[in-house]
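When the chains are written out, they are named A, B and C in that same order, and each has its own residue count from 1.
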Amino acid sequence: MTATVAHSPTRNLPNPMLPNPYRVQRVRKETQDTFTLELEPANGQSDFHFAAGQFNMLYIFGVGEVPISISGDPGKPRKLVHTTRAVGVVTSAMQQLKRDDMVGVRGPFGNDWPVVEAQGKDVVIVAGGLGLAPVRPALYHVLNHREKYDNVVLLYGTRTPNDILYRREVEKWRARLDVDVHVTVDRAIHPWRGNVGVVTRLIPKSPFDHLNAVAMICGPEVMIRFTVLELERRGVLPDNIFISMERNMKCATGFCGHCQWGPNFVCKDGPVFRYSEIKPFFGQRGL
Amino acid sequence: MTTVESIESVLERHPFFKDIEPRLVHQMAEHASLSSFETGQMIFRQGEAANQFYIISKGQVALEVFAPQQGAIPLMTLSDGDVLGWSWLFEPYIWHLDARAMVETQTITLDGAGLRAECDHNHELGYHLMKHSVEIVVQRLQAALMQVIDVYGLKKQ
Amino acid sequence: MTQTTLRVNEHGLVQHADLQHLITALHDKGYQVIGPTLQDSAVVYDEIDSIADLPAGWTDEQDGGTYRLKRRDDAALFGYTNSPQSWKKFLHPPRRRLWQAQREDAESDFVFMPENGTLPRYAFLGVRACELNAIAIQNTVFTKGPFIDPMFKALHDAAFIVAVNCIQAGGTCFCASMDSGPHVHSGFDLALTELIDADRHVFLVEVGSRRGAEIMEQVPFEPAQEHDLAAVRRIESAVADDMGRTMDTTDIKQFLYDNVNHPRWDDVANRCLTCSNCTIVCPTCFCTTVEDVTDLTGNQAERWQRWDSCFTLDFAYIHGGSVRALARDRYRQWMTHKLASWIDQFDSSGCVGCGRCITWCPVGIDITEEVHAMRESDTTSAEISTLNMV
C-alpha cells in the first residue's frame, strides 16, 4: 500500500533548478576558439537585470548545462551577453548555435565586483585571456559612471595578439583619454608592436595610487596568484584586492556541493572574493 | 656640469641604486652618459661584447631572438624606468639577446666595463650592484617562467 | 483517573500491544509509514504495514568496517543502533528528475516542463537523535540559504517524525561527543522510549507537536509516572556513557584549518579507497550532480539529479583537470567539510556522530581516530598562503 495524498506545495515556490527559455539573437566569433552569444527571452520581452560579475547557467537541449559569466553591460539589461570558449561538450554545442535557436538560462547567480565600494577611488582591472569577459561588466559600469571614480586602469594580458578578446572595443578604450589601457602578450606575432611579457609586469608602472585603489583580477588561478603578489609589492592592501574564482558548478544554488573552496561555495559566496578574506587558503594545493 | 648632475639625480632616485652611498652613485654618474635611439635602431646585438647597461628614461625596447625562418622574435619589452642588460656583469660579458628600440628611446648609459673594474677592488660597490642586478634577474626569470607555462591558457568560461 | 488527550511536552505510557494503533493512526491520516525492518541481513528503513514488520529481538554489532545482526535476549523493537542508510534517501532521494524538456524536432523550439507530481507524505518511525539532527542539518542546507529546494522542503515539512531514544550505544557511535544525542530534545512530533524488562514492555511517549498530539488521540495510553521518566533519564545517561567512540571537538574548526598540511592526510590517503561509501551512508552529506539525458528521437530531454561524492575525481573537475587530484585532497575535503567548514557555512557541525562512515568504510577508516591522531601531532601552520609561490 502506498498512502500518497495529493500534495504538491512545490508549486508555490520558485524552482531555482528550472531554466527559462531564451533565444539566440546573435553569435559572434571573437577569437579562434571563443565566441559571444547574445540572447533574449523567448517568451516576450523582459529585461535581464544583473550585477557586474554575476553568472548564468546556460543549457543546450539534451546536452547539458554550464556556468558562464555575464559579459554584457549591466546598464543595458535588454541584451544578455555571454562570451565563452569551446572547450567541452556543452560549449562546443554552443558554438554551433545559430540565430533563433533556443537555450535554457538560469540566473543570475553569485555576487558582484565591488563597483560601489570602488567609488571615489582608483580602479585597477587586471585581466588575463578570457578573463576579460567576466570583468567587462565592471568596466562598463565604471565607464558608465566615470565621474564617480578616479584613475581607471585596465591591464590585459593574452597569449598572443590573436587571443585578445573584444579587440575593437579594447582599441576604443585605449583611445579614450580617461582610461589607461595596457595590453601585453606572451608571444608577439607580426605586426604586434606592443608590450611583450606577462601582465604582472605592467603593474609596477601603472598610474594608480596604491593606497587609494581597488583592484579587480580575473583570469586563471596562477595568473591571479602572481598578480596579487605584484599588487601587494606595489602596496595595495589585501582588503582592496578582489579576485574571481572558478570551480566546478552544477546547481549554482549552493545545493550540489561541487564548487566548495575552503569554507565558501563559489556559486553563492563568490565568484568574487575579497583577497584578505581568502588569503589563508588561497593558492593552497588541492583545496 | 649639468649632464652629470642630472644623471646623478636620476640615479639617486632609481631603485637600482637604492642603498648605494651617494659617493659611489656620484662615482657611477661619472661613468654614465645620455644616449638616444631611433625607432628600430639596435641598442646591442647578440654576440657583441657587453660593456655597458642602460636605464631607460623614456621609450620602449624589445629584447629579441633572431631565428632564420621567423625573423626577430620579441621575448619581452622594457620601458620607462626599466634597467636594460645584465650581461656586462657576468662572464663572458657577451650579449645573449638583441635589444631594439621600438620607439624613439632615451637612456642613461652606464659604463659597465669601468664599473666592473671598480667593483674588483671596491667590494661594497660590487655587492650592491650584484644584489640589485640579481633582483632584476629574478623578476625577469619569474616573468619568463609565467610566459613559459601559458598562464592564460586555462580560463574560466 | 484516565487521561484521554496529551498536549505538547506531555508524556504518556503506551503498551507494546497498543503500538499498532500508532501505525494505524498514521496510515489513516494518509501517511506512508517508514520504519525499521529486516532486509538483506540488516535493519533498513522501508515502508511498513504493522508492528510485525519491526525487527523485534534483533540488535547489531558495529565496528570499523563491521556490521552484523545479533539476537537480543529480549523482544525490543528498537534494540538495534542504526540502519546502514539514513532517512536521507527519502527526503533527499538518491535519484530524482528535476524537469523535462520537449520539442517537435531538431529545428523546433522546446519547452521546459517542471515536476509537478504529487509527493508522498512520510511518517518516519524510529528516528534517532543523531538522525533527527541530520535531518535538521539538511533542512538548513536546502531551505535556509538564498535559494530553497522546493522538493526537499515539501517532503520535509510534510513528514511526521516519530523519534526513538536509543536504549544502547553502538560500537561506532559518538553522538555524545557531537552534542547530537543520544536523547532527542526537539524536532519530532512524537518521541518514544522503549522500556523493557521482565515485568513490562511499554513505550514512554513524549508529544513534540500539535500534529503529534492529534495522532495520540487515536492511541490508547496511560499517564506516565515519575518513575517512568526517571527510567528514561537513567537510560539516557547510561547510553551516553557507553559510546563506542569519542571525539575531541574543542576548537576543531580552527584546528583543521591550521592543519591543512598535516602528514596524517597522506597517511589516511594511503588507506582510503575513495570509494565514497562514507558519503553515501552519511546522513548529512548532500552533494549531488546532474545528468542530462534524451530519448532515442532526441526530442525529449530530461535532467536528473543524483547523489554525488566529493571522493570522485570528477567532483572538482574544471577544464583542464580536477582541483583535487589526490586521494589526500579528497579525504581532507570531506573531513574538513564535515567537521570545520560546515560550521562556517551552516553554523553547525556537519557530523552528528552516527558512526556510519566508520562502520561502512571497507577499510575501517575511523574519523574519530583520524582527529585523535592529528591532535597528537598538531602541525599548526598559521601562514600557508604563499607556500606554493616560486
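Following the convention adopted for this analysis, a residue touches a chain if its C-beta (ideal position, glycine included) is under 8 Å from a C-beta of that chain, and two chains touch if they have at least 3 such contacts.
Keep in mind that what you see is a predicted model, and the values were worked out from it rather than measured.
Undergrad: Closest chain to the overall C-alpha centroid, by per-chain C-alpha centroid: which is it?
TA: A
Undergrad: A-C or A-B: which has the larger count of contacting C-beta pairs?
TA: When the contacts at A-C and A-B are counted, A-C has more.
Undergrad: Roughly how many whole angstrom separate the Cα centroids of subunit B and subunit C?
TA: 66
Undergrad: Could you work out how far the Cα centre of subunit A sits from that of subunit C, in whole Å?
TA: Taking the mean C-alpha position of each chain, the two centres sit 38 Å apart.
Undergrad: Report, in whole Å, the distance between the mean C-alpha point of subunit A and the mean C-alpha point of subunit B.
TA: Each chain reduced to its C-alpha mean, subunit A and subunit B end up 37 Å apart.
Undergrad: I need the residues of subunit A touching at least two other chains; which ones are they?
TA: In subunit A, residues 87, 246 touch at least two other chains, as defined above.
Undergrad: Pull out every residue in subunit C that's touching 2 or more other chains.
TA: 318-319
Undergrad: What are the residues of subunit B that contact at least two other chains?
TA: 142, 154, 156-157
Undergrad: Hey, which residues of subunit A end up touching subunit C in the complex?
TA: Residue positions touching the partner: 1-11, 13-21, 42, 59, 61-65, 87-88, 102, 104, 225, 229, 246-248, 250-251, 253-258, 260, 262-263, 265, 268, 279-287.
Undergrad: Using the touch definition from the top, list the residues of subunit B that touch subunit A in their complex.
TA: 60, 62, 71, 73-77, 79-81, 102, 142-143, 146-147, 149-157
Undergrad: Can you check the complex and tell me which residues of subunit C touch subunit A?
TA: Interface residues on subunit C, with respect to subunit A: 27, 30-33, 47, 49, 98-99, 101, 103, 109-112, 114-121, 141-142, 145-151, 153-154, 157-158, 257, 260, 286-290, 292-294, 298, 301, 303, 305, 308, 310, 315-319, 323-326, 328-329, 332-333, 337, 340-341, 344-345, 384-389.
Undergrad: For subunit A, which residues are in contact with subunit B within the complex?
TA: 66-69, 84-85, 87, 91, 128-131, 134, 157-159, 163, 184, 186-188, 190, 192-198, 200-201, 205, 218-220, 222-223, 226, 244, 246
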